[in-house]
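Written below as structure tokens is the structure these notes are about.
When the chains are written out, they are named A, B, C and D in that same order, and each has its own residue count from 1.
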Amino acid sequence: MTTLIIIDQPPYGNWAGREGLDMAFSLAAFDQPVALLFTGAGVNWLRQGQQAELIAQKNVDRNLSAATVFGVDQLLADSTSLTRFGLAPVDLLAGVETVRFEPALLSSYSHVVCP
Amino acid sequence: MTTLHILNKSPDHPRFALCLAAVTGEDQLLLTENAVLALADTTLTLPARVAALAADMDARGLTGNGLSRYGVGFDHMVRLTTQASRIISW
Amino acid sequence: MHVARNNEGFLEDPWAWSAEIAAVIAAESAIELSENHWEIIEFLRDFYKIHEVSPPSNRLFVKAVKERFGEAKGNSIYLMQLFPGTPAKTACRIAGLPRPTNCL
Amino acid sequence: MPSPRILTYTLVITGAPYTSQAPQTALNFAQAVLAAGHTIDRVFLYGDGIHLASVLAAPPSDEANWTQRWGELLTAHEIPAVACIASALRRGLLDPAEQARYEKPAANLAAPFEIAGLGEWVEGQLQSSRVVYFHSGA
């Protein structure tokens, strides 16, 4: 059982992505293979230099950087969405792999969750 | 492996396009809630295998122009979930 | 020493923490802090500074310790000996970090 | 047509009542699942979906009470229903144990819902033959 969790909503304005991240953490806690895919406006999670303390929130990039420590297998980002939001691979959090969002990408996961 | 895609967002929601980008020719798409409005959206091309919850269509007045052939009940929705090897709710 | 703590003994403000406070909180659970304890406490505080969260469950606490220090220390028996009860909860309390939500 | 197999389902509701259609679509689906002879292992409320488990919702009498309708179905079929504790605490949904822990003036979890961790969701993913999500629309 391999799960892909898709984060397609930008951080801070709503909690959907944070809830997706918690789902990934809990699968990792039970040693279940899990990957996170950032696509659409969700790629803004990966932007460096976030200062969320200015809006009294936790920085999602820092929260996300715990994912590999906990055993989340892959952090993926859709290349078209990165281009759209002016993000080059060098601008991203370390360890993020660039992919293309397409049916073939999803087909290798037995569960796909889009919270 | 056939996938059932359950889509409940209106055609304007970014996830609507995301879902369509994930559907293959073999996959089944089920439109629920506001997504049934896609049947009335003249700018959209939907995949070949598409159904929509009849209650959601009727509730929104989507009854004319041969649309009723898309309508299914919750019993059919259950059948689709049994037939698919994977279900993605968008 | 006067710092605000909640009904389970967790600090209200993680930045009000000091080594002295840690020793006092540990003593309440009859824990005398050794080098092995401090290694984990400092790891947890660093983890919190970097990631702005503490490990959200005991399982993830063990995994994070394992990732950092290897199998010998990243196992629940070792951590249970150092931090009796629920290790993540006991260790977070001594390290001055927020009470875990029992999420998992 | 081969005879249909009996399947087990976990339903995950992430949309709130009166904000989204999710709880009612999920309820209709749950009824159809049971009518077809399948089993529902568990209902898991996550994110805004936890609002479904508040006993304090007081909709107008001529509108559907989704908490009550769900409660009736869950009780009649003895289906465990769990609200995620992290989602619940943030949004003010407490059972008596959490009320005591956080020293709050009231508990408001409707029977037969329970509060537990995401581990219940992981278990659903591992055990049930199908997991179906009911998200907020828009």
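What we mean here is this: contacts are C-beta pairs under 8 Å (C-beta built on N, C-alpha and C of every residue); 3 or more make two chains touch, one makes a residue touch a chain.
Predicted, not measured: the structure shown is a model, and the values here were computed from it.
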item	value
Most widely separated chain from chain C, with each centre as the mean of CA atoms	B
Centre-to-centre distance between chain B and chain A (centres being mean Cα positions), rounded to whole Å	26
Chain B-chain D separation of Cα centroids, rounded to whole Å	24
Between chain B and chain C, centroid-to-centroid distance (C-alpha), Å	49
Multi-partner residues of chain C (at least 2 other chains)	56-57, 103-104
Residue numbers of chain B (touch at least two other chains)	89-90
Multi-chain contact residues (two or more partners), chain D	86, 117-119, 131, 133, 135
Touching pairs - complete list by chain label	A-B, A-C, A-D, B-D, C-D
Residues of chain D touching chain A in the complex	14, 46-47, 86-87, 117-119, 121-122, 125-126, 131, 133, 135
Chain A residues touching chain D - in the complex, by the definition given at the top	1, 3, 15-16, 19, 22-23, 26-27, 29-30, 32, 111, 113-115
Contact footprint of chain D on chain C as seen in their complex	7-8, 56-57, 101-104
Chain C-touching residues of chain D, taken from the complex the two chains share	84-86, 89, 101, 103, 117-119
Complex contact set, residues of chain C against chain A	47, 50-53, 55-57, 59-60, 63-64, 67-68, 103-104
